[in-house]
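To keep things simple, chains are lettered A, B and C as they appear, and every chain counts its residues starting from 1.
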Amino acid sequence: MFKKLHTIRVKPRQEIITEIGNYCHQNGITSGIIIGIIGSVEEAQLNFLMKLPGEYENVSYQGPLEMVCAQGSIALKNDETIIHIHAQLSGKDICRGGHLAEATVFSTAEVIIGELDYQLWRQTDTYTGLNELIY
Amino acid sequence: MFKKLHTIRVKPRQEIITEIGNYCHQNGITSGIIIGIIGSVEEAQLNFLMKLPGEYENVSYQGPLEMVCAQGSIALKNDETIIHIHAQLSGKDICRGGHLAEATVFSTAEVIIGELDYQLWRQTDTYTGLNELIY
Amino acid sequence: MFKKLHTIRVKPRQEIITEIGNYCHQNGITSGIIIGIIGSVEEAQLNFLMKLPGEYENVSYQGPLEMVCAQGSIALKNDETIIHIHAQLSGKDICRGGHLAEATVFSTAEVIIGELDYQLWRQTDTYTGLNELIY
């Protein structure tokens, strides 16, 4: 179940994943759901999984672009906190989404985190070559 | 934390943001998370932030288009309730998302609101020129 | 309100809606919110609503494609459990979203379900020709 809901604003020129990581560190959050992120970005990088195990292609997008939505989770792999986010970006001429590698805020990013009262864990999966949820 | 979950259907030809506003007014909701909206629209307008402070470009889309997903929040700016939603639209030939300015339902819009037990507030930010979450 | 949160991983080559259905059956879930799904698919089919009542066009997409996000619900129509999901897919060259008809996992699908403590119901709506939420 959710233990606490956190409503955060990431500010212009800040990198979103870094700021979420800092917030989690400061607040002792090691397990949670990224319920949503909306805002706009001045630059972002998405990863697209091309082949298994683990071959990604990284593509950079220049903003301003809307961050339409995002979903993900906060989990531990051993004692490392892993924040896994997929995000949808769009302008009037382009629209792409994928694994969020990096995103710098243009105007704002409104992040909703649902902290969990149970621990999510990840481990390397030899078939996918990625850090997968243990389930 | 969530105080209550609300599951609403907005019906054909109704405008989604207006109906969410009416529902919030009738149920005394001034603080919440838009967890999701799925359905289809017969017409919608998205805003794309182009320059700071606050220069949007508004683009109209003729449906029928799927409303793939949406995220956002309900907050107060002084005593005004502000509903901020980003939505993703798609047909088989086009896909765009952004700040939802207006959307008229085609078949349905299934809206999930998580009412909060703490108040979200907005205020004008002089740098972005927009109503930003106070954080 | 949420009764329980479920965090599931659907594995490579499994079909996502089937696996969510199996999980719900095994865990007695008949009412809930699909808060999110992220991952990647090797094949997926989306439905696009074209005309009312109920005329969909079905389009197949070959992956690998990112599953950027998804939203939806679990409800009963009489004694039948109906899982209604809209999903956003994207690669570096294409991006589409819509009513998820079928999706086979490439690397993973991380599914977050918020089980509800009240029952959601659907019934056929003669105007839309679809199973709509009773509200």
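Criterion: a contact is a pair of C-beta atoms (placed from the backbone, for glycine too) under 8 Å apart; a residue touches a chain by one contact, two chains touch by 3 or more.
Computed from a predicted structure; not experimentally measured.
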Give the rotation angle, in degrees and rounded to the nearest 5, that superposes the C-alpha atoms of chain A onto those of its identical copy chain C. 120
Any idea if chain A and chain B meet via the same residues, over half in common, or different ones? different
Please work out the Cα centroid separation of chain A and chain B, and write it as a whole number of Å. 21
Can you list the chain C residues in contact with two or more other chains? 2, 35, 69-70, 88, 95
Hey, which residues of chain A end up touching chain C in the complex? 1-2, 33-35, 46, 48-52, 57, 59, 69-73, 84-88, 95-99, 114, 116, 120, 125, 127-128, 130, 132-135
Using the touch definition from the top, list the residues of chain B that touch chain C in their complex. 2, 4-5, 7-9, 12, 35-38, 40, 64, 66-70, 88, 90-92, 95, 106-108, 110, 112
